[in-house]
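Okay, so subunit A shows up in both of these, paired with subunit B first and subunit C after.
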Partner chain A sequence: MSRAESLAVRAPSPLWTFGLLRSELVTTFRRWRTLALLGVLAAVPVLVGVAVRIETRGGAPSGRGGEGGPAFIAQITNNGLFLVFTALAATLPFFLPMAVGVIAGDAIAGEANSGTLRYLLVAPAGRTRLLLTKYVTTIAFCLVATLVVAVSALAVGALLFPLGDLTTISGTQITFADGLGRALLIALVVAASLTGLAALGLFVSTVTNSGIAAMATTVGLLITVQILDQIPQLHAIQPYLFSHYWLSFADLMREPVYWDDLVKNLELQALYAAVFGSAAWARFSAKDITA
Partner chain B sequence: MAPYESDDSTSAGEVDDLRSGRRKAARYVVPVAVVGVAAATIGLVPALANSGDPSLPKITAQQLIEKIAKSDVQELSGTVKVSTDLGLPNLGGLESGLLSGAAKGRDGSSADPASKLTELASGTHTLRVAADGQDRQKVSLIESAAEYSLIHNGKDVWGYDSKSNEVYHGTADESGRKQHRNEVPATPKDFAEQALKAADDTTSVTVDGTAQIAGRDAYRLVLKPKHASGTTVGVISIAVDARTGMPLKFTLTPAGGGAAVVDAGFTQVSFAKPAASTFDFTPPKGAKVTEEKDKADKRGERSHEMAPSQKDLGKSGAPKVIGKGWNSIAVIDSGAKGGIPSSSGKGDLSGFIGSLGDHVSGKFGKGTVFSTRLINALITDDGKVYVGAVTKDALVKAADAGR
Partner chain C sequence: MDEASATEPDPAAGDAGDGPAAGDAGDGVIRTRALTKRYRGGQLAVDGLDLTVPAGSVFGFLGPNGSGKTTTIRMLMGLIEPTSGTARVLGHPMPRSSRAVLPHVGALIEGPALYGFLSGRDNLLRYDAADPTADPGTRRVRVAAALDRVGLTAAASKKAKAYSLGMKQRLGLAAALLQPRRLLVLDEPTNGLDPQGMREIRALVRELASDGTTVFLSSHLLDEIEQVCTHAAVMARGRLIVQGPVSELAAGARGRLVVTTPDTGEAVRVLKEQGVADVTADEDRVTGEPPERDLAEVNAALVTAGVRVRGFGVERASLEDAFVALTGEGFDVAG
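Let's turn to the complex of A and B:
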């Protein structure tokens, strides 16, 4: 913070934004709450990996393993890299967005709750810049959380299962290096899938002064949307729900890649980010800061 | 994203309350405008994309049919969307469970083409097709986070179900090759071939303007049964690529009106040679491989008429066709007295199936009619099955005549 403050004596310079961002990132990632969330996320692939390992230890892989469970789970025993995809498919519906909801909901309302928002605004950062910084921090958390799941899954997969060339879901073969590249791309797409929810959470966070209320509302909205997405009678509105195309990341494992749903997903996330980002700006920049 | 220049409102204390209130409200114009622009884009872009039908030189129906016949597209890749709405009773997962369960019972692999194709019988599916000459074709059924691929490369035919990691392996010899292709009536071309085969002097064939399908200019060929009394088929419309003569879209509307029963069309197509690696397949490690057993006697029953072969669970002999053109009816003697239960239920399942049909009686005796929006089937109590794209009355009449 010290370097940033010395710069801030005069008119805010572009560097000031980075100083603010750095201090935000450090504050967010040093919280016990954040570390605990990341720990839980890292534990999911361990659980899945160990469970699959124990299940298939007795000999032949369980015959019809593919009928239930998250995507790609049938292939894990043959190639540990598939644990990355399975872990992301298992955490994306709930664990990952819940963690993002907690961080996003806490972003503004948490500061207001603990009475530090006033002091943040005393520094000549400007409200828009502070909001942007908070959003970038939340997106950074999306990326870190996704990578934690992916890296943990890769480590567990390499420890418990063989690695090597893999078969795409279209039946063609790709090399292990190519597979790793796709795993990274999938992690990026999964992180991008969460940006819409991050913007929604940030907006909720500007509406209330209670951090807990903002987190609960965001996670509540997440659950509501997930339920709405399951009701067949609502198929007309489902393409506009932010979680609708989340599992499209699996399309990156097709050969050739099937882009339609992936592009729709990214467009939808951009739309949510634009709508709720500007709504958060409209709310926050005109808000009376009392705490 | 939010613009920077509005930061000054932090000093809201300087302006009077009325002005600041108005400015506060004015800020919400931004998200509302974003929603508006998005809604307009979603609404307008498809409308603009379909701007007008292309103008193509006039062509007669006869010339167009010849064009389809001459069409010799060897290399292509593309995406096909197939929607089928047969109006089967909506039983949720139970129905597909029954159907695929019945098909699976034959040789117990979810990678068997027969068990997968039953899934195409209802709902909307996305397929990817690729072909490179006679010897190499691939059809993939895109599922959520999984895919079913049927790959024909040289003398091998592979089915791969990525969800269960199961592989089905068969071989294609000279005679088998064509049948294997017929097994997958999924592309508009396959549907069009079937329809044109049925089109004889009982059909009126016309060219009805042009259309743009998957970014390509196409003629629209319309087939209508001339004697619309007996058949349930209303109109068949086929969009034919103007350059290559390949059918790009096939739509079958039932005589009863409503949504199309079958609607299969390319959403994206390319006539370039697909990458050779597309057709390479080696079973992944640990995958369960099922070899095609005694294929000779399986082929016959699998290649045509999915509907009856499901209904009689594969016990049938070869079907006999009565009638002509659109009114033709396939007759299968399942040989099983009692057939599928209209009266004598064997257990819960048979009673359940019986309850789905309508009981009819006539000179032929008693039977049960199972109807969909296109295909109707009459199963008589003495084990005969009458199937066709005809009305219930026509089926009963045929059964009476066959007596």
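Let's turn to the complex of A and C:
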């Protein structure tokens, strides 16, 4: 019975999980697909900025008022910083969550599809640890994607439009520095708005062995939820749809900030993360890895 | 002998709690008892498997496609939960002790799987980062050594999607060799390799075995098993047909008497007279089951009868003969 007791060669460092996380981050952000998604996201503010610039070249700023197009679009000509808010409002309903759906859906299913999952598990990465690493990486992608939109919008805004103090929705004036701070805060809130969908996508990813199927299902769910959120007769369930409070980030531009919907949004995201995170864990930790 | 009695933090105590089987646990690097896997569709993939892989052996795991080899390997590696029965690897129950056992096991399961968009070297760095016991300080050195061992140093910076099947196979082997291992589980390790590559892998397996690593090798190439393995087990339709040292398995099938002669007709007549059964003639070769009596007398009888003998001898039974004798079938896909 000499075999069993002598197994430990080197006690794992408590920090090794970060080694796995770093490897996961590097692997994710080196993929062409990830870079292409970020490239598309960076292009949206450029399109919006150039379109607004061309539209208002005749010196008649926002003649149609603020009704058409995403929030804040009318104010861009007065202050380039508003392009950040407009770009986030334009990408949040679809572009950003679609990108997150691709990354989250592919997280486990993509590894299963290519067979690399079995080698990570016999390394052994540990199922819970691998799942957590995948979720943290997906959330990191949410943040990076949102910041890419914000930074691209800020650059385009500064290039095409004047910058300066800005007027909040409530009509008060705040300094440009304060405005920048709010833009960063809004970016963080937008990134946090995507964490519920990220958990949902990760759960879908543990159910199938096909990366494409998982991505398509996650994006399909996103579209379905967005449609359900538009049907008035379904108002009873709408507060529980993960996208229902997404555009509440605009409330950060009020003076004083109107927190109710913002808090509801964050609570809802936490609920989705908890429910689908647990479901993903339950599914993945008991799953037979046959791929 | 169920997991319930074993406690993970103290493996020795856990083994003691296993009752009658406790003394045996150390005998085998791999030891399964009544290991069974029934998939959700009702298909019985592995049926009551009792497998013992002795320490230090090169163990050949044989069976047609679909006989349950891969399912067994996946259960041993903690990827699939058994329906019933137990599996112990390095004396610990699987899949419960995966964290303790798997760092000592290098595995190549159902061919290599790589990140095509990463270089060969980066693939190994990633797999090594997934091992909690791997020291990040020596990671690059160990990766370089593993690449060198399988002859991939020159192609290390190439993207893995540009690798040939043989190169991918080598990279998969390199991943199994990132750390010193107590057990190597190699599923069809020479798949996709040219004859020279096969020879290299066989040499590598022998070298590893001589260092004391137990090698568990699955293959459909009986010839390969015979060349490198000390022990073998044969599976068919989810069941273990036989296991034991290769020499004993091959001895189970009797060799054949082979006479090479231009006078085949006369030779057949004489051999039958001498008590040789199942005589068949094919061009200048006459073969049959060797009789009980001294073969020297059989030869003398041939010469006395004027049969011109070019060659005379008993061909050793191959593992393939043994396999056919055991399963009563060829080496085909199970239906």
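General observations
Keep this in mind: the second predicted complex is superposed on the first by the 276 of 291 C-alpha atoms of A that agree within 3 Å, B and C clash if a C-alpha of one lies under 4 Å from a C-alpha of the other, contacts with A are read in each partner's own complex, and residues count from 1 in each chain.
We take it that a residue touches a chain if its C-beta (ideal position, glycine included) is under 8 Å from a C-beta of that chain, and two chains touch if they have at least 3 such contacts.
None of the values given here were measured: they were computed from a predicted structure.
After overlaying the two complexes on the shared chain, residue contacts for A:Gly115 are found with subunit C alone; subunit B is out of touch. By the document's definition of touching, of the two partners only subunit B reaches A:Ala282; subunit C does not. Residue contacts after overlaying the shared chain place A:Ala74 against subunit B, while subunit C stays out of touching range.
In the overlay built on the shared chain, the residue A:Leu247 is in contact with subunit B alone; subunit C does not reach it. When the two complexes are overlaid, the chain among subunit B and subunit C that reaches more residues of subunit A is B.
Where the contact sets of subunit A with subunit B and with subunit C meet, they give residues 121, 126, 286, 288.
For subunit C in complex with subunit A, the touching residues are 11-12, 14-15, 22-23, 25-26, 29, 55, 74, 77-81, 90-92, 98-105, 107, 109-118, 125-136, 175, 179-180. Listed in rising order, the residues of subunit A touching subunit C in the complex are 1-5, 7-13, 16, 19-20, 22-23, 27, 30-32, 114-116, 118-126, 130, 286, 288-290. Across the interface of their complex, subunit A is touched by residues 1-4, 6-7, 9-10, 12, 20, 23-24, 27-28, 30-31, 34-35, 38, 79, 110, 128, 140, 142, 144-147, 149, 151, 158, 160-166, 277-278, 280-282, 284-288 of subunit B.
Those residues of subunit A whose C-beta lies close enough to touch subunit B in the complex are 61, 63-67, 71-72, 74-75, 77-79, 89, 121, 126-129, 131-132, 162, 164, 166-167, 169-173, 247, 250, 254-256, 258, 260, 271, 273-283, 285-286, 288.
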